[in-house]
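So, here come the structures, one by one.
After this come two complexes, each holding subunit A, first together with subunit B and then together with subunit C.
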Partner chain A sequence: MFKNNNFIERSILGALSFLKDSIFADEYALKSGFLQSLDPRVKSITFLFLIIQVLLAKSLFILAVLYVFCLLIVRLSNIRLGFFLKRTWIFMPLFSLFIAIPALFSFFTPGQALVTLHTGLLEIIITRQGLFVATLFISRVITSVSFIILLSLTTRHFELLRVLRIFKVPQIFVMTLGMCYRYIFLFVQVIENTYLGIKSRIGRGIHYKKGRDIVSWNIALLWQRSLKLNEEVYNAMLSRGYNGEPVLINKFKTTYKDWVWVCFFSGISFWALYTIYGRSHF
Partner chain B sequence: MHIPDGYLGPATCGFFYLVMLPIWTIASRIVKKTLKTRQVPMLAIGAAFSFVIMMFNLPIPGGSTGHAVGGVLVAILLGPWAACIAITVALVIQALLFGDGGITAIGANCFNMAFVLPFAGYYVYRAVSYKAPAGSNRRVVAAGVAGYIGINVAAVLAGVEFGLQPLLHHTSIGQALYCPYGLKVAVFTMAGEHLLIFGWVEVIVTALVVKYLLKQSPELIEEREAG
Partner chain C sequence: MEEAIFKLNNVYFSYLGKYPALCGVSMDILKGQKITILGANGSGKSTLLQLLDGLIFPDKGSIFAFDRQLNEEVLNDEAFSRKFRSKVGFVFQNPDVQLFCPTVEEDISFGPLHLGVNLDVVKKRVNDLADSLGIMSLLRRSAHQLSVGEKRKVAIASTLAVDPEVLLLDEPTAGLDPQTARHIIDIIIEANARGKTIITATHDLHIVEEIADTIYIMSNEKKIAKSGATQVLLADLDLLKTHNLMHVHRHKHKDEAHIHSHQHLDHHT
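Moving on to the complex of A and B:
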């Protein structure tokens, strides 16, 4: 039977790690470092171009150079390399690594045999083409994820969401993003307290069917509480002068460091595009 | 179901951004027109709600866990266009701040989870619960069926998007540059795990939450349906 699934603890741990991650993220964004000193607008646009270059790259060499470039600016931004590698490798790339493994073998990627494994009746062949496909796939995922996490780590989250205005994202999205971000923190707190309350009353052993009911009731309860909150938040907005049109305060300012970064970025971008599309296109 | 950067090629990413642009524009216009000023924070709450639902891990027999998307539930509670904005916001926050789902794949992720999933689910719910009396169990069943169909349609679409990559983007000797698996493998895997596991997680969450709300605060669902 499934009496000791401890899913409540798992959910609490998930919520807590989410909170901790966010707090750490702001901690790094407040540190003095190269990327932290840049204008979020310049940083976001240049990072978007870097991610597009990662997407366009067709060779492992370009991806490797872009990844090393990313790690270099991680160090320049006073972020511990160990922390950064753990943060970037642990979730999506590790999952992608698992997905990429079958592509190594001849039944998914036929080609020139690189390694042949004999297991009883079965002959498993790792192909050269399979190795290329899987490595290219993983390299692209890890490089993209690294740039996104680096941008998120070195920019205060509210600033990052405000930057979306320069991409002409409709105000309703930007406003919802800003408010949603605050609600997430509040909701995580509510969930944490609710689970703690349940755990203190029912202990550890719980059948998974009962567990499902508890989770569903909590989601419904969260929605009920949200509705009550809606009224309070709206009144708070009115008391601060909200008249149906949100006003966003723009405090962004470019400095000489932004231009140094733009030159740095342009150099690596020019090199990458030159290598991707070849000399004939230039 | 979140597609990270590097799984889809530039043409696919660009295509889905182009497809989503008019959908986002229409969604923001409709929501601005239909949502009362007083209800504006509800959009943000819907987005945070959808984000948080993805954090609720449900136990699956055998010791593993899975999570729901909650798209159909948000569509039943807020309407499909508002759900489109709310889920888009949740996906953008996940991609931008936590690296879960790619920046270049936001168009595709939003098409699957913020457009197809809530719309398919919402209309299935409306069809199955058509003229069902308040508090009827048919509404609970309708919510479950809608959740199952919504998440599975979205998963099959994601599988098709993955499976098209080796055909669309490859080297001169046919090596895949992005997702390495063809249509058969990708669609089979995505459909299989959602039909067998995550679809049922979505059923449980959608149906039980609707059941609870119909029992405790039926006005929340009935007002929405009447509006």
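Moving on to the complex of A and C:
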């Protein structure tokens, strides 16, 4: 649509598609599976501890065990392994590869030479220590990202927000975040419809400068709409008795499954901690 | 004599102090009445409902609700505000405005929870309403995943959950398919049969006969042009035409090629 420069179009469509994916991510949270059946509070706290353990682990073996453990509960939670791997590994270059690759070389991690590459005058050395550091780093990132994605896939987003209450985050903050989450999707629809409206009227390429004008004008319009909506939503809240003190239903309930999970998690954690520190302290 | 729950005396309201929305509206609304405020777009219907719900306040004139004058000061009094909000429920024109919670269940329970209703009672109300409106399967879903009709039903449920005496409805059937519109009308009629006062703003003449026994017609001058019994005013075609509530058009009947100028209140079959 935007002639000579489809960057804006690609950005809009990319952002919309990402947000829509988030909507559909709820599908996994609504499936019946092991993690889905747990109390979000128990799940969030245990996952937080698992991630801390991943960050403390200095052995590739422990990280491998924790990663396999993660994949096992992915299967128990009715999530397709292929989908999960795609979703987690896609973040790899973003989070770690660009940082880990330089660590391979002797400039950053001196040590025993493993591979030596000769490129003209320059000699590039990959060290054994560098390879270990890079692999450890990537393993930590992929394992912790996997746990985070698994938690977000198996827990509905508003439940995750509500879990913030156990960390003493004020009720009003939790409610406001919930409303932000709710209305993002309304604005996604508005943006999508606006985009289609523009496309249907333009129907052919336009100069990128004009395209920029249209996009910036629509950002301003969206801002205006959000202000109006803000006022109307507040009126709707007042109309149903809101007086500045939010009241939410606390529907969290622990069951025997949560205690089974806590026992299992404690076993894994104890083993990992023992392996990390145990030999010298236990 | 029947009890007047709302009394409006010569009410004026303007947006930003320069865009008039109501210019001298007076009306008395009795308990248990079914009232429809009819008017073309921009005639001030929604503004009138917002005034009745104490969300905005008149520039001039006065509004009395349950024998107390509505103004900002009175509604800042927590006891009165709670009592008033428990008695008056408002279904907004845009259901997206009204459904601000992460799930349908929380949206329905928001009102009674904030008005201090016991949690067990709230849960029972949510389940009963969801059952009677056929939205039980939607309770755990988010509003953005619902169709327009479903959103409208949830918005009505979220208002009925408060169990108000007065139900204010702003264009309750706008943009709905016939079956969903029918269901909404049935809900309104049933609420009235249970003693609730119904005040609806609409320009949809098809539903008026069923949901109103009294009509107020708003003019383009943002005043009440005429009020009276539904049957009488709906029969006054000139009055309806003058206030853009019906039109003259050419159309073809189903069985024969019959083209002529035509006035009607119902949909063609």
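The working rule: the second predicted complex is superposed on the first by the 250 of 282 C-alpha atoms of A that agree within 3 Å, B and C clash if a C-alpha of one lies under 4 Å from a C-alpha of the other, contacts with A are read in each partner's own complex, and residues count from 1 in each chain.
Everything that follows uses one rule, which is that a residue touches a chain if its C-beta (ideal position, glycine included) is under 8 Å from a C-beta of that chain, and two chains touch if they have at least 3 such contacts.
This is a predicted model, so every value here is computed, not measured.
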| item | value |
| --- | --- |
| Simultaneous placement of subunit C and subunit B on subunit A, clash or fit | fit |
| Subunit B versus subunit C as contact partner of A:239, first or second or both or neither | second |
| Subunit B versus subunit C as contact partner of A:229, first or second or both or neither | both |
| Which partner reaches more residues of subunit A (counting touched residues only), subunit B or subunit C | B |
| Subunit C, subunit A and subunit B - angle at the middle CA centre, rounded to the nearest 10 degrees | 80 |
| Partner chain in contact with A:49 - subunit B first, subunit C second, else both or neither | neither |
| Touching partner for A:271 - first (subunit B), second (subunit C), both, neither | neither |
| Partner chain(s) touched by A:149 [first = subunit B, second = subunit C, both, neither] | first |
| First (subunit B), second (subunit C), both or neither touched by A:179 | both |
| Touching partner for A:158 - first (subunit B), second (subunit C), both, neither | second |
| Which of subunit B and subunit C A:30 touches, first, second, both or neither | second |
| Which of subunit B and subunit C A:89 touches, first, second, both or neither | neither |
| Closest approach of subunit C to subunit B (Cα atoms, Å) | 10 |
| Doubly contacted residues of subunit A, that is, touched by subunit B and again by subunit C | 157, 161, 178-179, 181-183, 186, 229, 233, 237 |
| Complex contacts: residues of subunit B adjacent to subunit A | 4-7, 9-10, 13, 24-25, 28, 31-32, 37-45, 47-49, 51-53, 55-59, 61-63, 65, 70, 73, 77, 85-86, 88-90, 92-93, 95-100, 102-104, 171, 173, 175-181, 185, 204-205, 208-209, 211-213, 216-217, 220 |
| Complex interface listing, subunit C residues touching subunit A | 50, 53, 55, 78, 81-82, 85-86, 88-90, 92, 94, 96-103, 105-106, 109-111, 113-115, 119, 122, 140, 142-145, 158-159, 162 |
| Contact footprint of subunit C on subunit A as seen in their complex | 23, 26, 30, 156-158, 161, 178-179, 181-183, 185-186, 189, 229, 232-233, 235-243, 245-249 |
| Complex contacts: residues of subunit A adjacent to subunit B | 2, 5, 7, 10-11, 14-15, 18, 21-22, 25, 48, 51-52, 54-56, 58, 88, 91-92, 96, 100, 102-103, 108-109, 129, 132-134, 136-137, 140-141, 143-145, 148-149, 151-152, 157, 160-161, 170, 172-173, 175-184, 186-188, 191, 208, 211-213, 215-224, 226-227, 229-231, 233-234, 237, 244 |
